[in-house]
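Consider the two complexes below, in which subunit A is the common component and subunit B and subunit C are the respective partners.
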Partner chain A sequence: MAIIETKNLTYTYPGGTTPSISDISLTIKKGEFITLTGPSGCGKTTLCRCFNGLIPHFYSGKLEGDLVVKDLRVIDHSISNLARHVGLVFQNPENQLFALSVEKDVAFGLENVGMPREEIRKRVDWALQMTGIENLRERAPHELSGGQQQRVAIASVLAMQPDVMVLDEPTSFLDPLGAEKIFDVINELNKKLDITVILVEHRLDLASKYTDHVIVMDKGKVLFDGGPREIFASEEVRMTGVGIPKAVMLYQALKDEGIHLKEVPITSKEATQLIREIIIHDRS
Partner chain B sequence: MSVFEGLRFRRVSSPIHKLDPRVKFVYVCTAFVVAVMFNELIPLLILFFIQIPFILTARVQREWIRSMKGASLLALIIFVTNLVSRYLYTGHVWSVPLVEYSLGMTFRFIVLVESFSIFFLTTSPDHLSLALEQSHVPYELCFAFTTAVRFVPVLAEEAQTIMDAQRARGLELDRGNFIKRVKNYIPILIPLIVNSIRRSLQLAEAMESRAWGASKKRTNLYILKLRGGDFGIILFSLLTLSIAIYAKRYILIPSIFAFLPI
Partner chain C sequence: MIEVKDVHFTYPTGVKALREICLAVQDGEFVAIMGQNGAGKTTLVKHFNGLLKPTEGEVFIDGVNTRNLSIANLSRKVGFVFQNADYQLFCETVEEEIAFALRNFGFDEKTIKKRVTWALNLLDLMQYRKTSPFMLSGGERKRVALASILAWDPEVIILDEPTIGQDYHQKERLRQFIVQLNTQGKTVIMVTHDIEFVADCSPRVILMSQGKIVAEGVAEEILTNVNLLAQASILPPQITQIFLNLKDLGLPSKVINVHEGKKILLNFLGAPA
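After this line comes the complex of A and B, so read on.
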């Protein structure tokens, strides 16, 4: 079942002369873990802004084509209405927390929609628990590390119980360990709660082990749309310079040497497994 | 950035911090009214001393002393002005009541600063905003208030970073006369302002994405409820006020020098 469907989506920022995204046609199914990638300035953030209606309601400009999210045409619904279905986590963790305590921040969206207090309390506790930050609930945002702040941002979006969670380079301000934790949290939300995840990440090698569906963009257009194993064969994608996983490079190197693995590995664990198979096969 | 340090509320858990901010405000108002009612030194001294236990219970004595130090210059000015003007007014004679009167005026000011600083030192901005909201102040205003407080440390840090960066490029901040020094800060202010505008756009985007303004009837995770201690403070305020009114009407307040061996 498609949860997001775009047809020939084209958008130009106000005052812009060329479209920042053009002719985007995508189908995203419920429960998928999507990695959206591509070089800087290719329009990833712009596309994310379309998913929850920031474009065209917050940024005016010219939007053409069709975008339907959870059976709602984005053009016809307000951002606040779409916010119940699509949560957006931004790149800079600092500029998306407003309250003076973590708990209050997680409650912000629920308060806005006028949910009864008891229900807010339950949802806040649940979201804090899911993201593993219950111990931070009384803290002020400036007392937290970047990784903790980003987990608060995720919790605040999660508390709205959205169908889709869009995360725009959530780890680009974080150290590798913090990034790893964020990926684990996102993965868990996707697998346990069946939330559709759209993760924007240009270090594809970090995200690929969680992903079922990769979209690569370049210069405002979709360059590739498919499974993570197919993508790496594409010369076109390699030209854009997206970070290809080490395991895939190994596959390529072995192939050049005349050693064919059964399939393209994404993680080092998978690569080890495939190589072991070959060795065992050779011995017998 | 010690200016910003002072604005940073320190989270302490004490019975005074837990009081309802509205009740604390009632108390501040009471202290204000009583302080204005009296010119005499003795009641103002009493008022000064009965507030000390609150400060100790709240464990904010260090901050409180700092704020009193900040007010001391103004207090001195008030004392001297009163002394001189009274002196001129009462026919150029120095007398003991003259000094007592001026001291009284000074203590009135000190008592006001004291009670306001107790209020602000023991009320978290969060709590204050909640109190404003529940007093039907428009939510947008309360939100602007808490967001401003939230970004004080962030901006302070940013200003520091920009200053360091500009210094590293050879900017000398503490050189020249007053006007030159003010001018020196322009390369600090411009990036700070540009950054703040960018930040505010990102904040607006994030707010919109979290259903800002979705419902006219916004709810709140917290609610302020009056508890035992709050009623205690209300009672205390009423009692102070009644005693003050009684004293004002029926008691001739003696000079403090009646008790001092001079």
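After this line comes the complex of A and C, so read on.
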């Protein structure tokens, strides 16, 4: 079942001369884990802003084509209505956090939809626990490190238990182990709660093992839409400057020298296994 | 030359961010400071341009104690590109942003124009010269911040997480560009989590954890030492992970980049048909 469907979606920011995204036609199914990637300035963030109605309701500008999210035509529904279904974690957490304590920030969305106090308490506790920041509960978000703020931003969106979570480079300020923890959390939300995840990410080496569907954008258009292995095998995609995992580069470098691994590895574990097979085969 | 002598730093809130830091960075060195969130990396480099002064101990820039120098004075020599570009951008156009510091340093208008054009070209920002920095994407803003620092040609360039929000091409450009700056004799110090970027650049690596320096050395040594990296909450580069897992087959394990990995495997397998 499609949870997000776009048809020929084209958008131009107010005052803009050329569209930031053009002719985007996509289907995202309920429960998918999508990685949305592409070079800087390709329109990833702009597309994400459409999913919860920030575009066109907040940014105005000119939106053409069709966009339906959870059977709601985005153009006909308010941001506050759409926000119940689509949670957006901003690229820069500081743009999203404003309360005087982490707890209050996480509770804010729930208060806004008029949830009973006891339920809010439960949801906040759960979201803080899921993101591993229970110890930051009383701290002021603006005093936290970039990585900690990113967790708070994720918790505040998570607390709403939306159908779709859109995360715009949610781990950019985090160290790799911290990033992996966040990806694990996101993955768990996706698998256990069936939340559809749209992850905007450059670091495909970290993200690809969780993903079943990758969308590559370039110059405002969708360039590729498919599985991670197919993407990395595509010359066209490599040319755009998408961050190809080093395991895939090694695969390619070996292939250029006439050594063919059985398939395209997307993790170091897979690469290890494939190389091991070749070495053992070579020895026998 | 930057000398850090037994520096401790405690924030007014009581958080001890640096403990017993001793470090020397020679002119023309390329150094990566790595470690987990909250390890004290940014706090340390903020001492290099006088944004912070040590609670205990001393920092010397070219032999002068930073306690005796103003930030205005130090920044001419030490340029600092913030992690979050939004902290440093405020002008109405990209062009003005880059010209701002140059005007402050008292360059004449002709030089300013030349330098601005140079920096715009260098970072592929020419098409945005009249655009507001806040209309740009996160990755582009980051490049504006970098351009505005490089424009005044400091001797030491500090880059706090330069690869955040940058795509692969831009990272590759950034790498070539850092190498170029370094070849020209500039000291480059970058704070980063981006292990793959460090593996590609192969600088001297300083590993921090909980306010202390836990290890330093060449990239090949530090990035392939799993125990050290784990202390600093860092995973080895993907290529290193692959080779560490193949150690039992008799392959070398101190491998950090694709090119080297390929060479080793080709040798190991013998020339294929």
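Going forward, the second predicted complex is superposed on the first by the 270 of 284 C-alpha atoms of A that agree within 3 Å, B and C clash if a C-alpha of one lies under 4 Å from a C-alpha of the other, contacts with A are read in each partner's own complex, and residues count from 1 in each chain.
One rule holds in what follows: a residue touches a chain if its C-beta (ideal position, glycine included) is under 8 Å from a C-beta of that chain, and two chains touch if they have at least 3 such contacts.
Please read these numbers as outputs of a predicted model, since none were measured by experiment.
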Touched partner set for A:S145, first subunit B, second subunit C, both or neither: second
Partner chain in contact with A:L254 - subunit B first, subunit C second, else both or neither: second
First (subunit B), second (subunit C), both or neither touched by A:M115: first
Which of subunit B and subunit C A:E94 touches, first, second, both or neither: both
Touching partner for A:K104 - first (subunit B), second (subunit C), both, neither: first
Contacts of A:S25 with subunit B and subunit C, given as first, second, both or neither: neither
First (subunit B), second (subunit C), both or neither touched by A:V157: first
First, second, both or neither for A:S60, with subunit B first and subunit C second: neither
Where subunit A meets both subunit C and subunit B, residue numbers: 92, 94
Of subunit A, residues touching subunit C in the complex: 13, 38-41, 45, 91-92, 94, 143, 145-148, 169, 172-180, 202, 205, 241-247, 249-250, 253-254, 257-259, 268-269, 271-272, 275-276, 278-279, 282
Sites on subunit A touched by subunit B in the complex: 49, 52, 54, 57-58, 78-81, 83-84, 87-88, 90, 92, 94-101, 103-104, 107-117, 120-121, 124, 138, 140-142, 156-157, 160
Residues on subunit B engaged by subunit A in the complex (per definition of touch): 11, 124-126, 143, 146-147, 149-150, 153-154, 199, 202-223
In the complex, subunit C residues that touch subunit A: 13, 35-38, 83-84, 86, 135-140, 161, 164-171, 193, 195-196, 199, 233-235, 237-239, 241-242, 245-246, 249, 258-259, 261-262, 265-266, 268-270, 272-273
